[in-house]
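First chain written, first letter: the chains are A, B and C, and each begins at residue 1.
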Amino acid sequence: MDRNVAAQDGTLLAVQNLHTWFELRKWGFGRAGFVRAVDGVDFELPYGEAVAFVGESGCGKSTLAKTILGLYRPTKGDVIFEGRKLNEFQGREMQWYRSQVGYVQQDPYGALPPFMSVHRILEEPLIINGMKSKADREQRIVEVLEEVRMMPVQDFLSKFPHMLSGGQQQRVVVARSMILRPKLIVADEPVSMLDASVRVEILMLLRALQTSHNLAVSYITHDLSTVRYFSERIFVMYAAKIIEKAPVDELLRQALHPYTQALLTAIPDPDAENAVTFKEVPPGEPPSLINPPTGCRFHPRCAQIIKDLCNTQEPPEFEPQPKHFVGCWLYR
Amino acid sequence: MMQNGLLTVENLYLHFRATRGVVQAVDGVGFDLGRNEALVVLGESGCGKTSLARAILRLLPRNIQTYTGEVWLNGVELMGLSEEEFRREVRWVKISMVPQAAMNSLNPVVRVGDQVAEPVVAHFGLKKEALAQAKDVFQRVGVPVDFMSRYAFELSGGMRQRVAIAMSLVTSPDLVILDEPTSALDVLTQANIMNTLKRVKKEFETSFILITHDISTSSELADRVAIMYAGQIVELNDAPHFFPAPLHPYSQKLLASVPRLHEYKQPDFIAGQPPSLLNPPKGCRFAPRCPERFARCEQEPPMVDLGERRQVKCWLYPRWER
Amino acid sequence: MKRFIGFFRELTHYRSAVLGILIIGSLLALALYAVVTLPYNEAIQRWRGGEEIWGDYPRNAMPQWVTIFTGNSMPTTIILNSRDEGSVYKESQVVSGDMSTADIIMPFEYTSAGFPSEINLFLEGKSIAKKPQATMLWKTPDGRQIPLGDTTVGTAERFAISIDQRLIRRLNGLSPEIGLFADPATLAPGAKPVPLPGRYQLVIEGLTFEDNSSLEAKLVVYGQVYGLAGTDHRRRDIMVALLWGTPIALSFGFLAAVGSTLTTFIIAAIGAWFGGWLDALIQRITEINAVLPTLPILILIGTFYTRNIWVILGVVIALGIFSLGIKTYRSMFLQVKEMPYIEAAHAYGASNLRIVFQYMMPKIAPVLIPSFVTLIPTFVFLEASLAVLGLGDPVLPTWGKVLNDAYSNGALYKGYYYWVIEPAVLLMLAGLGFAVVGFALDRIFNPRLREV
C-alpha cells in the first residue's frame, strides 16, 4: 500500500497497517502477552460509500470499528481521516474528529442512558460540541428526529428509552449518531438485537440516510444476508485480518477465499430443503488471538491447504479479479 | 389424536400476574406433534413462545394466574398429574429442554461430564452408569470425550451449547424442547449445531420443538411450523408448504422480511408493533397491522382446519374449508 | 412530581414500610413541635437546670400516666404561694411599734392515697436590719397540730421540711412527708401507713420588726408523679430532653448519613472511572480506614479534645467517607463503565468529568437512597452511644444524655424504670422506622429483591 497519505480525491478514511493489541496482565504485575485483536489491516473508504465488515465473533471487526472511532488507540499503523493522521490529533482536533464519526451500536436499549429523555439524549452531543444557542439545538434535534421518521416529533421528545420499542430506540441511536453531521457512520451490528420484521426497516432507513447525506458507512455484521441490502463492498475478516475484499454482488456470486465460501454455504435461506441436507462446515474453531497460527491463519481448518506454503508463510493480498482482493495462496 | 402422535396440546392457557395487570402469555394454544418430528415455533420477541415451552414442561414461576389446558403425551394426560408424578415420570424423562442461553447457565464449578450425568443420577440413581451414558451422549453431539473432565469456562460457546444439548438428551427423552439454541452463536457454529441436531433426530428418532425467531435457521430442522403471534398460534403448517407459500398474512409478511443471501429479493417489513400481552386487543390480534384486514376481523377468527394437519387462524380462509 | 406519587404508591405496597413512614412522620412532627415551642437557646437554658427553673418540680417523679395503672395512689405536686391571693390567707396585726405579726395560713385538700415525695417551704423575708421571724405549725384534718419549728427569715430561706432532723425526731423517726400526712391509726408497727385525706393547713406565725418588712412563703408538697415523662435527679422535666432530643438525633443522623454517603459515592465513581493509580490509591485508603475503629477514635477525641457535637459530627463524616461502601459502589460503577451508552458518550466527545457526574452517577443513584435511609439510625445510635459513655455534647439535651444520667444515678437500681425506658423506646422507634423504610426502599430500587 502506498505510504503516501491519501489526497482529497474521494478517500475519506484510509487505514494503513493497523494493529490494535491489548496487553494481558498477569496478576497485578508482569505481562502474559498481547491479544492481537487487529493485526495488520489496510483499506480505503471513499466518501459516501458503504462497506460491510463481515466475520464471526472474535475476528476483530468490533475492535477495528472502535479503533476508527477513537475509543482504542492503535498499537501500530495509522488511521488517516481526510488526509490527517489520527495519532497526531490533539485535544480540540480529537473533539472535531469525534463529531465527524457517528456511532450506532448493537444494543439499542443499552446505548441510551435510561435516565435521560430522548430530548436530553440528543441534546448532549450538541452541548458537548459547543452549540451554545438553545434555539439552534432545538431546531437540530427536531430536524434529526424527522429524518429518522419519529413522528410526531413532539410526542417523542419527553419519552424515556424504556417507553420506546426496540426499533424506536434504535432510531434514536441513529438520530444521535447523525446529529453532529458526521461524514462517516460506524454501525456495529445495528440490527442484530432487533426483531426480524424491524431489521429491514432500520437498514432501509440507514440506506436512505446514507444516500441523502452522502455518508460513508462501516457496517459491521455477522449476518451476511443483510449485506446485499445495504453495502457496496464487503470486507471479510478472520482472526484479526481482512482476508477478502470485493463488491457485494461479486463476492456473493463468486467467493474466492475458502473461509468466505464456507460462510456462504453455511448461511441458510428459508427453504424446507434445508431440513433434509447436511451442511459442510470446516472443522475446528477460530484461532486464539494471543497466539495465532503461523502462516495463513485459516490453514488448520482449510480443506484446500497447500502444504508447506499455507502453514509457513502468511499470504499477501492478491487481486485475481479487478477490485476483488483475497489473501490466499490459492490465487498466487 | 393422530396415530403416530407423540404430543397433543389443546387449549393451553398460561397467564401471569404482574404489577401492571395480567400477562396473557399463552392464550389458547393447541397443536400436535408426531414421533420423530420437529416442530418449529416461530415468532418475534414478546409473542409468548418461551412461556409456551415452560407451560409444557411445567416450569412455572410463582405468580401464575391461570394455567389450564390439556397436554397429552403418548396418550397420558399430563396436566392431571401431580407435581411429584410429573417430576418423576415426565420432566427430563420423557420431555427435556435446552433453555435460552443454556450455554451461559452451565454450573461453573462442576465438571461438564458430571453436569451432563446429573439428570440420569437424579432420576435413575447410579453414578457409574450415569457417567457411561453421559460419555455416550457426548459422542453423539460431537464433543470429544476427554472434554468431560473440563469446566464450562474452558470450552468455547459452541461447545458449551453442545454440552447443554447433551444434557437434554442424556435420559433419552422422546421430546426435546430447544429455546433459541443458536441465536448467540456464530454462523459456522450454528451450522454445526444444526447438523448435530439433524443427526440426533435421524439416529434416535427424537422429536423436537424448536423455538426461535430466526426464520432461516428454523428451516434447517423444521418438519412442521407453528407461527405464534401475541400469545396465540396463527398458523400451523408443514415445512414444504409453509416456506414457499405461507397462509396467514403475518407469516407472509414475516417471510417477506427475511433478507435472502442466495437470491435477490426486495425485503419487506411490518409497520407497527406486536400488541402487549397485558391487554391484547379484541378480535384478530394482527388486524391493526394486516394489509388484508376487513370488517370481519373485528371478531376473533377461529382456528380453521384445512386438512392434512394444516390450520390457520384467519378470516380469509373459511372459504377454503373442506 | 408524578414519579414521586407513583413511587410512593409502590412503597405503600409494603405494609412494614407504611408503619415505618408513620413512625418517621411522628418523629418529624415531634421534632418540629420541639423546635417551634421551645427555641434552641431556651431549651439549653432550661436543660442546664437550676433552682429557679426546676425548684418546684419533684425529684425523680414518674410520668403522670402511670396513675392509669396504679389508681389514685400517686399524688401530684401541690403548690401554695402566699402571693396568690386566692388560696392563701394573710393576716397582719400591729403588736407594738414597728413590730407586727405577719401570719400566713395555707390550707389545702389532700386526697391522694399515696404520700408526697418531698415537702419544702420557701420563705422570703424583706427587711433592712432586723429579719422577720417565723414559727410554723402543721394542722391535720383530724385536728392534730404538729409544730414544725421556727426560723429567722433572710431574703430567701428554704425550710426543707422533709429532711429536718428535729421534726423527724418529733415524729418518732418517721419521714415527715409520711409522718405529717399519715393516718395515726395506720402507724402501728407492722402496718402500712396510709395518708389521712382531708383539709390540711400550714400556719406560719410570722413577726416582722420593721415598717416595710414583709414575709412571703411558698409551700411545695411534691408529688410522686409529674408530666408526660417524669423528672430526673435534678428535677428536670425529662420531656424537654425527649422533645429536643428528637430534632438533634434526626439531624445528626441525617447530616452524617448524607455527608458520608454522598462523598463516598462521588469518590467511588471517580476512582472507578479513572482507574490506574488513582483508583489504587483510593482503594488502599479505604482498606486502611476500614481497619480504623470508629467508636474508640471518637472516644479518644471526646475525652482528650472536645465533646462539641459539631466536631464529633465532622469526625464521623470524615471517617465515613472512605468506608467500605466505596467498594460496593465501585463495583457497580465498574459495571456501568462498560455499558454501551458510556461508550457512545465517549465517542461523541463527552469529557471525563461529564461522564462521571452526568452519565454514571445518575444510573447508580437510586441505590444510594435505601442505603442512605438505613444508615440514618446507625448514626443516631452512634451519637447516643457516645452520650451514654459520657462523651456526648455537654449542653445539648439528647436521648443519649438522658440515658447517661439515668445510668450514672443508678436508675434501674433505684427502680426509676421510666427514666431508662423512655429514651430507649424513642431510640428503638427511630431505628425501627428508618430501617423498615430502608428495607422497603431497597426492595423497590433493587429489582432483584422485588417480590412478584
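Rule of thumb we're sticking to: a contact is a pair of C-beta atoms (placed from the backbone, for glycine too) under 8 Å apart; a residue touches a chain by one contact, two chains touch by 3 or more.
Treat the numbers as computed from the prediction; the structure is a model and nothing was measured.
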* **Chain whose mean Cα position lies farthest from chain B** => C
* Structure fact -> Counting C-beta pairs in contact for A-B and for A-C, the higher total belongs to A-B
* Structure fact -> Here the gap between chain A and chain C, centre to centre from mean Cα coordinates and rounded to Å, is 70
* Structure fact -> When centres are defined as mean Cα positions, the distance from chain A to chain B in whole Å is 33
* Within their complex, state which residues of chain C touch chain A. => 339-341, 343-351, 354, 359, 362-363
* Would you tell me which residues of chain B are touching chain A in their complex? => 38, 44-45, 156-158, 186-192, 194-195, 198-199, 213-223, 239-240, 242-244, 253-255, 257-264, 267-271, 273
* Can you name the residues of chain A that touch chain B in the complex? -> 56-57, 165-167, 195-201, 203-204, 222-226, 228-229, 252, 262-264, 266-272, 274-275, 278-279, 281-282, 285
* **List of chain A residues in touch with chain C within their complex** => 66, 69-71, 94-95, 98-99, 101, 103, 105-107, 110-115, 124-125, 128-129, 173, 176, 180
